[in-house]
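Letters A, B and C name the chains as they come in the text, with residue numbers starting at 1 for each one.
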Amino acid sequence: MTTSVREPWVANAPLAPGEIPDRRPRPRPALPIFYWIVVGFLLIPIVAMVAYSVNGASRNAITPVWKGFTFTWYAHLFDVEGIGDAFFTSILVAVLSGTLSIVIGLPMAMALARHRFWGRGLISSLLFADIAAPSIVVGSSSLAFFLSLNLSMGLGTILIVHVAFNIAYVVAALRARLSGMGTQLEQAAGDLGAGPFVAFWKVTLPLLVPGLLAAFLLAFALSIDDYVITSFINGSRQTFPLFAYGFTKKGMAPQVLCFGTIVFVVAAIVAVLTGLLNRRRL
Amino acid sequence: MTAATAPAPVRATGIRRRRFARGATPYLLSLAGVAWLAFFFLVPLVSGLLVSLMTGNPDDGYQLTWNWHIYVDLFTGPTPYGTYLTRSFVYGCTATLLTIVIAYPVAYYIAFRVSPRWKSTLLTFVMMTFFVSFIIRTDMWFYLLGGDGPISRLLRTVHLTRPGQSILATPGSVIGGMVYNDLAFMILPIYVALERIEPSLHEAANDLYARRSSTFFRVTVPLSRSGVFAGILLVLIDTVGDPVNSSILGGKNTWTIGQSIQFAYFTNQQYNVAAALSTVLMVLLGIVLFAYARVVGTENVEELV
Amino acid sequence: MRNSPDHLTAAQLRGLTQPRLTRRDLFRGAGALTCAGALAGVLDACGIQGTNNSGEAAASINWSTWWASKKVNGHFSFDNWAEYIDVTKHGKHPTLERFTAKTGIKVAYNDAAVADVATYYGKISPSLAAGKPIGADLFVMTNGWQFTELVQHGWVAQLDHARMPNFLKYADPTAVSPSYDFDALHSAVWQTGYTGIAYHSDMIEGDITGWADLTKPEYHGKVGLLSDLDELAIASMSVLGVQPETSTEDDWRKAADWLTSKLRPNVTKFYDQGYLDAFKAKQVPIVMAYSGDVLAIQSDFPKAKFVFPREGFTVWHDNMMIPITARNPLDALTWIDFYYQPSIAATVEDYIWYVSPVTGVRQYIADELQDTDYSDSPLAFPPADVLAKAHLYPIMKDRTEHDLYTSIFQPVVQGS
């Protein structure tokens, strides 16, 4: 009986460069299109804001109808009573609360990420509750608490509460970074004779800078945009969101939109710059 | 053999002291944070909850009478707090689901379909819009969707809406506002979680004859669970208790529990009612989140922080 | 290994791997809560102080000594309603600038700090009850329940008329001793106004002359009402022919029923001061509106009409008050007196189109500012027969009655 010999399959020869079939990956446009649609949707109110900030109007209120291009609102940016103070207060509170929450939050993140100790779960639960508590609950209870302590509402109380809710977010961000980083480098520093403080200062901290920056930006963004909590404990001190909210009642003043546009443009420039820097590094 | 003259006692104390110091380190490190949170967050919260057990009014003052019955009174009284609570949860859950549906593809796209050079740029395009105050953004929607605004006029021209029909002042506009304002809270955590997935896992799934959809549902989605949960946490908490969206974009039948709490506190000065509603809101949110964590099986919820 | 139980059931696998709520977790949580609760309990054991006795403290103050001890600090903070003062296209306030030029006192003017009477009162009363400054040295409060509360609790300073020569000289007779504030001891009228109906005549069919017209089926989804319970109450009681000043609980229930069954189906939203923005954006064609708000925008919206409802409407007075805890009361008082000059009051009035408490303003606007649109307007100055149907807000006996009143009308706004 003859058995047919199965010849092993072998290519006759490697493909010549000209014979390699041109197989590009199949274009799958669904996701990119979706992405750009979402970005467009996100940008619609921003475009409206920029448009209204250069739209002429006969009164100090924007109108949905196009009335002609003008820079007059930018020229009279601070004419609206209190707008400069509100904006400055917002920036000040955001910077201070961001810094303070990092100063308090970084050691806490290190403790949670690097050590196992009794109470670790408890502290984690506390931080979880801090994130999970609804703004309206935090705001009303803080007001009652401050009044019972006989404090006057103002910049101090705003700062206290902003730091309180920022700590949890800062710790969450830093903790993830720290556990991702691992302890090898600090141990290596220890082997080379560095004490814990020196190791922290010269090894951990420099490595943590991008993480610190991200945490600061997160805290900054949360603080500068907070409305509900701040509305309870601000007293007479206006922050920008509170100030803007008053205008939703009577007609948005164009100068408020000018401030918004300026912030957006600055953020865009910073984003572009960091993008360029990142690409250079990559 | 000579007995080792061990300076043992001295060394032992030294070790014990150092061990104590090392043991105390985490406590010292977290002291400031715990103290701040305990005093400025926990105590106000708990004392706020205690206010719910008081009775009285602004003129006569409020006394702590351990009035647990208020929780029954809230839901059997003339004001339909139960309806408002349910409505807020419906709005919140709908908004959260919609946010996931929109955010997941965006995060997936940036994490997997984009070269590393462009990742941060594309991410920034999305995040940039959230640098503008949300009050301004919401108010812009108010003008755009309002009767005379460009979007309304466009919809009327293409006959998608009847003349006189309002898009604003509906539950849809409130939920739309919530989705819009909280999209960043969902995109970021999902993106971070997807970023951590090794692309080689996709290749491995492919090698094992998985279709693309199988790979997605059986590999990618489970691995991004923690990111989705973090996003749900942030968005759900924010939207269920939110009074601003329903106030600016809502109508006559969109009254939410957040507005009720604000109203009870400021307008009616019924501090006990406001505190009781806040407690109920927090407890319900806590239950929902814990149930979700257990069902989906994420490890120790606290570890997510 | 062969002997190991390699076929665990799913339940066993779950039990081995899933974290569970242990007793230790519960103890930990309970412990933390108890500690916080104990601390909080200590703070709360006294409860929240009532305000019943604060009025007595204020009654014993010697007001001339009190004012003598105050100094002019060169600045003060002013909380007001939106669109309630003159404003240029770029947002400046000419009268405030003239004030600063003359006296050197700077004004921090908080536009739209007050959007709703009850909400503003709720915001400032905890601080006032605690004896703390509210942030503003001058605010504008409408006559009504909250006004009475402020006076009775002794939370506002009594005005020293000896330091207010302009007020004594120029105040309108109705402002010198209003019915709600005898001898104007605690307040000085800022504006008087009316609440009526405003509508875009180019957006709806037919004319509107009264509240009952708003219930017509063709206006479904086109009506916006104020969320102010007093306004809703008076509108509905007027339709039912009830006199608000002598109304009873029964009347209130009937009025609330009318609102819920007849008018609410046509309503799209209940607004606070934000109704004006919605109206200007043409989001809602028919609104319950404050007279001056609508009259002032008629130059931009010529088709917008304002009517005094035929069944009845409210007349209210907004008053400047100085909180007793103000840091700069004398500066605020200086402004009040500065305002009570015809030229200043007229500048404000010509912009906001309400009724001024200062005599000679109408004439000043007609002659000096030559704005006869305002001075001759029958809407800014309705004739006597129309004014006969104007009602003040009903007066509540005490908090119990007030709570009953609000509990009857609240569901109209919040829905169910």
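Here is the rule we use: contacts are C-beta pairs under 8 Å (C-beta built on N, C-alpha and C of every residue); 3 or more make two chains touch, one makes a residue touch a chain.
Everything numeric in this text was worked out from a predicted model, so none of it was measured.
Interface comparison, A-B versus A-C: the higher count of C-beta contacts falls to A-B. Nearest to the overall CA centre, using the mean of each chain's CA atoms, is chain B. One simple way to say how far apart two chains are is to compare their mean CA positions; for chain B and chain C this gives 33 Å. The distance from the centre of chain A to the centre of chain B, with each centre set as the mean of the Cα atoms, comes to 15 Å.
Chain A and chain C have CA centres that are 36 Å apart.
Touching two or more other chains at once are residues 64, 121, 125-126, 144-145, 148, 247-248, 252 of chain A. Shared interface positions of chain B, i.e. residues touching 2 or more other chains, are given as 38, 42-45, 47, 51, 142-143, 146, 148-149, 248, 265, 271, 300. The set of chain C residues touching two or more other chains comprises 32, 43-44, 48, 274, 277, 281.
Residue ranges on chain C touching chain B, taken from their complex, read 18-19, 32-33, 36-37, 39-41, 43-45, 47-52, 116, 118-119, 122-123, 125, 129, 221-222, 264, 267-270, 274, 277-278, 281-285, 399, 403, 406-407, 410-411, 413-416. Per the touch definition, chain B reaches chain A in the complex via residues 23, 25-30, 32-34, 36-38, 40-45, 47-49, 51, 102, 105-106, 108-110, 113, 116-117, 120-122, 124-144, 146, 148-150, 180, 183, 192, 233-234, 237-238, 240-244, 248, 258, 261-262, 265, 271, 274-275, 278, 281-282, 285-286, 289, 300-305. Those residues of chain C lying in contact with chain A across their complex are 25, 28-29, 32, 43-44, 48, 77, 82-83, 87-93, 96, 108-113, 115, 126-127, 130, 132-136, 272-274, 276-277, 280-281, 300. Only residues 38, 42-47, 50-51, 54, 56-64, 78-80, 83-84, 142-143, 146-149, 164-166, 168-169, 248, 250-253, 255, 259-260, 263, 265-269, 271, 297, 299-300 of chain B touch chain C when the two sit together in their complex.
Taken in their complex, chain A has these residues touching chain C: 57-61, 63-64, 72-73, 76, 79-83, 85, 121-122, 125-126, 143-145, 147-148, 150, 152-154, 235-238, 246-253, 255.
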